[in-house]
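Going by the order they are written in, the chains are A, B and C; count residues from 1 in each one.
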Amino acid sequence: MGVERLFVIIQEQGISLIQRHLYLVFVSLFFAIIIALPIGILVTRPPFNRKINQILSFLNTAQGVPSLAVVAIFLPLMGVGVRPAIFALSIYALLPIARNTVAAIKGLDPDVLEAAKGMGLSKKEVLLKVELPLATPIIVAGIQTATIFTVGTATIAHLIGAGGLGRLIFTGIAMNSPEFILAGSLMAAAIAITLDQLLGLFQRRVKRKFGG
Amino acid sequence: MTELRRVFNYFTNNLDRISGYMLEHLILIVIAIALSIGLWVSLGILVRSNKKAADSVLGLGSLIMAIPSVAIYGILVSIPGLGLSRQSAVIALVLYSMLPILRNVYVSLNEVDKSILEAAKGMGMSDRQILRKVQLPLALPVILAGVRVATVMMVGIGTLAVYIGERNLGVLIEQGLKRSRSDMIIVGAILVTVFVVVIDFFIGWLESAAVSEGIKSDEGSKAGGEN
Amino acid sequence: MIKIEEVTKKYPGMERPAVDKLSLNIEEGEICVFVGPSGCGKTTTLKMINLIIEPSGGKIFVNGENILEQNANELRKKIGYVIQKTGLFPHYSVFDNIAVVPNLLGWEEERVEKRVVELLKMMNLDPDENRNKFPKALSGGQSQRVGVARAMAADPPVMLMDEPFGAVDPITRNQLQNEFLKLQQKVKKTICFVTHDIDEAIKMGDKIAILDQGKLVQYDTPENILFNPANEFVEEFVGSDRSLKVLNLLRVTTVMRKNIKRIKEKAGIDEINKYFSHPEKNRILIENDENHVVGYLAKEEYHKISTAKGWNKAIRIFPTSLNKHNTLKDAMSDMLQHNIAALPVMDEEDKFMGIVSFRDIQSYIGEAYEENENEKELDENEVL
């Protein structure tokens, strides 16, 4: 294995693959958030909130479905390319966000909600001024988890032709080239750790602000 | 309709192969979870009263957790001596289970009510006896919740190990993607999902069998996966 | 039995020691209560006796042996330990909780079984009903009972009790205190008891040790603490309602009058007339043939009825009676509740022991204080 060759690979292909990888991650996350938040809020309202424990355990179990299965299943449905990959990644990413949204709102102190109601806030005001702000730190934690998952799952997206850093890794395995494998792995790890740290920082800040 | 029939036919025509894959999957998980429990529970016990040490190993665990599984596999197979082998797969799975198991061990051992520990000490129990008879049994539900999270994760990450030489249920998906055989993909995806649910259920059952009636909460087991 | 010699506990970074050269002796079979404001060192002192906290200096002897020279775990198996939050093991049944120390000591199964059942009965807990329960199914009072039973499991001669009844409601607390005192009369343990509640200290203690800022301020019987506070701190700590506390301390037997003239319910009116002819005799006790007191007769009511046949109708039945364990406070409370100036004291077999009256209580307390005031003055005169 040549360290020089490793650097050459990173230099030549790194930027474009990272760009594609991040594109997959952020677009998927965007969709995941705009879908997961309303769903999470919706199921904590009547009449769904009576089934809230079942919904939570469903979301937990769904989270356990292997990422490879989720990505692969869209090939027969949507073919290959970036679109099915984003579709699969979005669905996979919305699970932790929805779960944390539900869990956070469910876990709020009922006394606080009672007090809010008692002060004459409407249902909408209770949601916007009390429930969501108090739930924000946990929702952000869910987004953090989703981001990390998505960076990882996006490496698999190569298998359905969406490109990204998975290309280097899987090509490397196929060609028995440690340099390719390592180049892809190290970059993917670096992205994941960087995003994790940044989001961790952000989450702590949110937590302080909202007193979670 | 024809698609469904093809999926069903694929499943029934390849039962032997599929059960072989399932067995391989199970063997990988059992080896990895046994090692993980031995390793991370011991480490958790070791660092339980040393916050600094605990913080650094937990930090390492969450760092590992952030790295994509494909990247971990990639890094491991690049290490001379490991390569495309079962060792690489097992090591990856063990590394991934570090955070969920270790964190739950550490947190639960430290959450045991101070008055219970004081009573135990006051009755003349040694530190070892307190650990074995009081702390670990009381921490068991939370530790098992961590093991459950880790095992479910392992089943999923284990499917990806087919790219580094494992021959488990992931093979169906891998081959299906390679040959654009949707019947194989669907059978594979369904089976790994069923596998996850069964394992999850099994550990849940284990939990209710192993945990003392006195500390079972009425609201069911608290999942240890809160982030 | 427990000898504390010049014991000091100093925590690093603290200005004054938590316990400062404390010395005291606890006699065998006595309850010694450590009491004082929070931070006075009472709990620290208690926890040094079973080495939960290690002393920084001084010696502690239990049963003549220096505990600092012993293995801490072996020592603790010989000392019962009860704490406020019970510390019951939630994953153990009531039975297993009580059996912890016997099992640690390697008792045989049968012996453990017998002992646990015996203890449950002693604690007024039905063994069959409670042995398999888990702590979460117990009420606060039941938990404390199990906690006490667990501490007594291996029949340790010495028991340490750290606010054992502090976490239950007042009614349950009173009940637990009474039960425990009754039990103590039988088992005669040497007990070190910590509380912040002076009333509990007075009620439970054979001796009270009042601590302040790690130092022993007064170590004396409850009577002397109340009648003879060593200094202003004690006086203040005991409270301005000292005399009410005395009531809680003294048993009815201290002021009870025995040998009271009684008349049979079948007695003739001559006997009664003769008795009431004395201008100061206004009441007379009436008893039946078996010498059981059935009530009393008041002079004015007797005169109202005063027919030769029917004087029995004027007999008033006592609304309630006292037993020898009742305190003066119990007696006064009953008297006020039933609007009656005196009550009989009965023994276990319902036999008449004597009578306690409001006025006797009043004069007894008054005299006790006067005596002490005089003593104090004398002391001061001597100093001057």
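Here is the rule we use: contacts are C-beta pairs under 8 Å (C-beta built on N, C-alpha and C of every residue); 3 or more make two chains touch, one makes a residue touch a chain.
Source: prediction; values computed, not measured.
For chain B, the chain with the farthest CA centroid is C.
Once CA atoms are averaged chain by chain and compared with the all-protein CA average, the nearest chain turns out to be B. Chain geometry summary: the mean Cα position of chain A and that of chain B are 20 Å apart.
Chain B and chain C have Cα centroids lying 57 Å from one another.
With centres taken as mean Cα positions, chain C sits 65 Å from chain A. Touching chain A in their complex are the following residues of chain B: 3, 62-63, 65-75, 77-78, 84, 152-153, 155-157, 159-160, 163-164, 170, 173, 176-177, 180, 182, 185-186, 188-189, 192-193, 196-197, 200, 219-220, 223, 225-227. Residues 1, 53, 60-61, 63-70, 72-73, 75-76, 96, 100, 103, 138, 141-142, 144-145, 148, 151-156, 159-160, 165-166, 169-170, 172-173, 178, 181-182, 184-186, 188-189, 192-193, 195-196 of chain A touch chain B in their complex. The residues of chain C lying in touch with chain B in their complex are 50, 52, 72-79, 81, 83-93, 100-101, 104, 134-136, 147, 150, 160. Here chain B touches chain C in the complex through residues 113, 115-126, 129, 134, 137-138, 211-215, going by the rule given at the top.
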